[in-house]
Amino acid sequence: MSDKPAPIAIVLGSDSDLEVMVPCLEILAQLEIPYDLTVASAHRSPERAQQIAATARQRGLKIIIAAAGWAAHLPGVLAARTTLPVIGVPISSSPIGGLDALYSIVQMPPGVPVAAVGIDTARNAGILAAQILALDDPRLVERLRGLKKQMQESVEEQAAGIQKQWRERLGGSADE
Amino acid sequence: MSDKPAPIAIVLGSDSDLEVMVPCLEILAQLEIPYDLTVASAHRSPERAQQIAATARQRGLKIIIAAAGWAAHLPGVLAARTTLPVIGVPISSSPIGGLDALYSIVQMPPGVPVAAVGIDTARNAGILAAQILALDDPRLVERLRGLKKQMQESVEEQAAGIQKQWRERLGGSADE
Amino acid sequence: MSDKPAPIAIVLGSDSDLEVMVPCLEILAQLEIPYDLTVASAHRSPERAQQIAATARQRGLKIIIAAAGWAAHLPGVLAARTTLPVIGVPISSSPIGGLDALYSIVQMPPGVPVAAVGIDTARNAGILAAQILALDDPRLVERLRGLKKQMQESVEEQAAGIQKQWRERLGGSADE
Amino acid sequence: MSDKPAPIAIVLGSDSDLEVMVPCLEILAQLEIPYDLTVASAHRSPERAQQIAATARQRGLKIIIAAAGWAAHLPGVLAARTTLPVIGVPISSSPIGGLDALYSIVQMPPGVPVAAVGIDTARNAGILAAQILALDDPRLVERLRGLKKQMQESVEEQAAGIQKQWRERLGGSADE
Amino acid sequence: MSDKPAPIAIVLGSDSDLEVMVPCLEILAQLEIPYDLTVASAHRSPERAQQIAATARQRGLKIIIAAAGWAAHLPGVLAARTTLPVIGVPISSSPIGGLDALYSIVQMPPGVPVAAVGIDTARNAGILAAQILALDDPRLVERLRGLKKQMQESVEEQAAGIQKQWRERLGGSADE
Amino acid sequence: MSDKPAPIAIVLGSDSDLEVMVPCLEILAQLEIPYDLTVASAHRSPERAQQIAATARQRGLKIIIAAAGWAAHLPGVLAARTTLPVIGVPISSSPIGGLDALYSIVQMPPGVPVAAVGIDTARNAGILAAQILALDDPRLVERLRGLKKQMQESVEEQAAGIQKQWRERLGGSADE
Amino acid sequence: MSDKPAPIAIVLGSDSDLEVMVPCLEILAQLEIPYDLTVASAHRSPERAQQIAATARQRGLKIIIAAAGWAAHLPGVLAARTTLPVIGVPISSSPIGGLDALYSIVQMPPGVPVAAVGIDTARNAGILAAQILALDDPRLVERLRGLKKQMQESVEEQAAGIQKQWRERLGGSADE
Amino acid sequence: MSDKPAPIAIVLGSDSDLEVMVPCLEILAQLEIPYDLTVASAHRSPERAQQIAATARQRGLKIIIAAAGWAAHLPGVLAARTTLPVIGVPISSSPIGGLDALYSIVQMPPGVPVAAVGIDTARNAGILAAQILALDDPRLVERLRGLKKQMQESVEEQAAGIQKQWRERLGGSADE
């Protein structure tokens, strides 16, 4: 990878969120997009969170991906301090299945948006970031098209395999 | 089974939904209704999904059963491309117990209906499809009546067994 | 209209549900499908509800559409007594926006399905019923295709009109 | 126990609900209240369910306790056919934690009440039934008072034990 | 009315709940059941609430009906102090449609039941109370049967009227 | 009022929240507790919000009351920057009745608490603040006791008035 | 404005969504970002929706903003057909306050992201789009910074005005 | 520890809540704040609960922390009997993830506040209590500042460790 600064910062509210975020890291690696990975809490280390956002553009960052559970203020708090796009990933770590994190991330009042993806869908945060970066990176467009094609082929393989799988597994009635 | 095309297509949003859909496949087999089983994703293979729906009637299909989790767009996307009835099965694969899939499937805006059954209730999708096909198939009406009778007898057996079960298991106070 | 019995019975849990169900009646009229319209409550007139369902097939009915609010047991109670398909319309008459009616209608346990449409979406109940009846009525297929084309054209007209509407209404910046 | 008919019928929507209902059976045994235990499904055996309710008063029953999960119509369907009080116990067997059963049981529209207790709180259904029967049974009032006293003493024992428990378990700082 | 004490106490958490509770008062009047009507708050007048419950049985009361909104503790707090049956009516006065009151009333932990009816369904609280009192009052059984018959006839009248209503109002296609 | 700095700062996320917060201002006035009233948004003016919290203790403040709607991060963002107690008031300004604000305020992850009161219950925020200040202010304890007594008397007056109110308004059957 | 194609397409599921989307159109105009405004329904005009997405990149578009209510499939259906970023705006037009639209938009399964903003928060969709476009448009960065400054100043003005407003309106006790 | 009475009483609705409350006990120990730990149920031992609250101030208590699950009336019932601040901890012991306890605790009607913390967040209850006590205890302010610093340093350590953790664990692409 080049000396250019990574265009993406991934900020976790806690290092216990790493496990859920692995698919985000993996898809960025697959799409050959460098990223910084760090931890900052909107509540336990507010100064640190604010600094990450406030200095993001001058450090060459283009997108911030922030993941948090419970009253997940982190994405909104970062978005308050930067004009870069902030992608929020609600984590389902609370007893109510992540609805608290989802509402805290997506229901931002008018003026300061966060781009929310689904609960625990770290992979989608990575792809969304890539789609944004691809706006001026034709090679990345090609990789994203490759990814779409790959998904499509994987569905076709599943389709091809499922009748066989079903027949073997259950001796089912399908299409004899 | 005859050469006639299967009247039912079962479309899974992912082959990981097969497990939940087994009771649908089983009840169709029990009712002697042939079906096609395939995989198509509204998002990962939209062209494939659209083709399945757009060509369904001319391929002799009568009903599409579509199962999906999360933002389960598949049943609605299929319904947009066909005038055949589409039955949607919400799958509880997300962290919020399938409420997302339920709302995405049932809350179709006016004009393009999906017939929703309960979360993960694959068996009901199969029976509902059979009830529709039975409208011009008297033998199938008989099989559905048989099924209803079977359920009724099973309840009666449970009723007969439960006091015994309770007395044995706990030495309970019932009806001595 | 012919002497043939109406193929559809619309059953309201209360005559106060008529207003919400008007779009169902209208679309059936537009599609030239006769229907019976009546009132029966699963709780206030259970015998009547049961009779409607138990005699439905022999009276020549093919589909029952049942609308109810609150703990909307009506569709399920009818479905328990017939092997005809039952379409349920949850009505939003309670203080919790019809979620109670939706869950009561759609979450039928395995064995006795109800085909649920969205909260208050009476029009979709009518179209779904028509899609089922069209399975052996080629003229109805044509009418349903006409309806789909009509919706499509209406969207295109909206698309054509909206930039004009916006420019006139707000002097908006669109496409100058 | 005497020859008098049992005053309480416990009706389960399925024998798989027995496990959750055990605390109801136990408290009735403890309070020396005989009961009948049976299975009837509002959907799979509607005739049976209706008969249980319609004949309940003449068989000498005073209260019906009905337990069901999912779209739990059973208590409401029984209440439609009797003027005896019906107590409903929502069971959390669906993927949405029993909210469907709770709403289906408690949100009965005006005219036909069901007395709902909390999700899976079978013990409370038994105590509520006992409180009703105690209205003309002074000995049962005494037993219920005993139960209340027992609960109170149990709390006091817990209170006495908890500081000890905490000190032993964690070497906690409490009030040394 | 006789000198006998009223068998029912209706306790409102606030006099602003009176409006919602009117159908309860009306049905009790129709069924000729005397009642006391009062106000007591679990939080603003806890001593008063406790006294009402603690002295209820000795004052000749048989049932307490308690209505409250928000974190509706009143029914549970009364139930804690008496072995009489307590019926709780959740009021939809909060911004979340009464779900808070419903959960606070119905989700009583094991040991101290409240008989919950639906949100704002005051009439059902009255009928449930009457069903309980009818257990040793044959005349009240007759009145309850009359009420059930009345509801049934009212549904039949609605059924008779609705096709006419629909034809007049909309020139609908029904049954010409 | 003395020269002492006000012990309470009330921070609104927007001046449109003033209306809902009036009962908080009124109860503080009644309890003779001075307060500062200001506006700061966690997202639109993060620096301002942070300054208010970071300097609060040295300015002599003892408690911060923060009110916000939607993804109501304000109370949590303030709590991140101070060790003073922060009371959060969720405002029901969004289309989901304030559940978003409630979860965003109350579901703070371990380490940085916010003391949440109910949706729109501004008055309770004021009383809670007063209870805290009263811990070393015996005169305020007296005023709070007076308030409790006042509430109790008001309930008693409501109780006294309600039978009269009911009799006059509806000619009801109560206690004649 | 130049001849360059507009970088943003705003797609409404119905022209009835225009009213809610006005703040999106206004902020884009304020930020001098041209846009196309059109209507396409995922269900009533699926071919049209698909064409908009499939041809978007070659037509020079960079971002699609899609607004829809109910089972709001539109943003996801568009995202399935393009590698451009798609921003989804859930509209609160259904009886359950837009929760159906929110879940349908944000809970996209892994592979095909939609960037969701809050229910009805059209303005945030516009700002988020601008933040993305600003990644290679320094003048737009300046305008976004201006917007942030403007919001901050507006909060400061509100803060300056609110004590005055409160004192005038209620003769409140603040800071005398 | 001194002879002074403990300033905090921790009241559990049941000794089964101890496990969830351990982090509250631990943080109080770490902050060197003595506490009493006891059990009292609003429903099973109402007299005991009332006594604890009614005598709290004269026994030298300053704050009550009450934890309960289901229809968690305990905090509100205590708050009704004291003018001391009451902190409520909703416990997620019911099948609906603690939403019942949360609403029962936080949605207190105007007049009697409870300070709610998040579901199962016992640690926050302890910190909030400490923040209140610190208002006239400068040494406790220092300890709370130390705690905040500790959290901040822990986040910084997590940040330092996470790239290493990620690289080792998955051979990830981060920052090579």
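Per-chain residue numbering starts at 1, and chain names A, B, C, D, E, F, G and H are given in the order in which the chains are listed.
Throughout what follows, a residue touches a chain if its C-beta (ideal position, glycine included) is under 8 Å from a C-beta of that chain, and two chains touch if they have at least 3 such contacts.
Since we're looking at a predicted model, the values are computed, not measured.
Colleague: Could you work out how many touching-chain steps separate subunit C from subunit G at minimum?
Modeller: Counted as steps through touching chains, the separation is 1.
Colleague: Counting a repeat as over half of the contact pairs in common, which of B-C, C-G or D-E repeats E-F?
Modeller: More than half of the contact pairs of E-F reappear in C-G.
Colleague: Rounded to a whole Å, what is the gap between the Cα centroids of subunit C and subunit H?
Modeller: A distance of 50 Å separates the two centres.
Colleague: Rounded to a whole Å, what is the gap between the Cα centroids of subunit A and subunit G?
Modeller: Each chain reduced to its C-alpha mean, subunit A and subunit G end up 20 Å apart.
Colleague: Measuring centre to centre with CA averages, how many angstrom lie between subunit E and subunit G?
Modeller: 47
Colleague: Find every residue in subunit B that makes contact with two or more other chains and list them.
Modeller: As it turns out, subunit B has residues touching two or more other chains at 14, 41, 44, 70-71, 94, 96-97, 99, 106-109, 111-112, 118-119, 148, 151.
Colleague: Under the stated touch criterion, can you name all the chain pairs that qualify?
Modeller: Every touching chain pair, ordered by label, is A-B, A-F, A-G, A-H, B-C, B-D, B-G, C-D, C-E, C-G, D-E, D-H, E-F, E-H, F-G, F-H.
Colleague: Which residues, counting only subunit F, touch subunit A once they are in their complex?
Modeller: 13-14, 41-44, 46, 50, 69-71, 73, 76-77, 79-81, 94, 96, 99-100, 103-109, 111-112
Colleague: What part of subunit E is in contact with subunit C in the complex they form?
Modeller: 92, 97-99, 118-120, 148, 151-152, 154-156, 158-159, 161-163, 165-166, 170, 172-176
Colleague: Quick check on the complex: what are the subunit C residues that touch subunit E?
Modeller: 1, 6, 12, 14-15, 18, 22, 25-26, 28-29, 34-41, 44-45, 47-48, 70-71, 94-97
Colleague: Once bound in the complex, which stretches of subunit G touch subunit A?
Modeller: 23, 57, 62, 83-85, 87, 102, 106-119, 121, 123-125, 127-128, 131-132, 134-136, 141, 144-145, 147-148, 151
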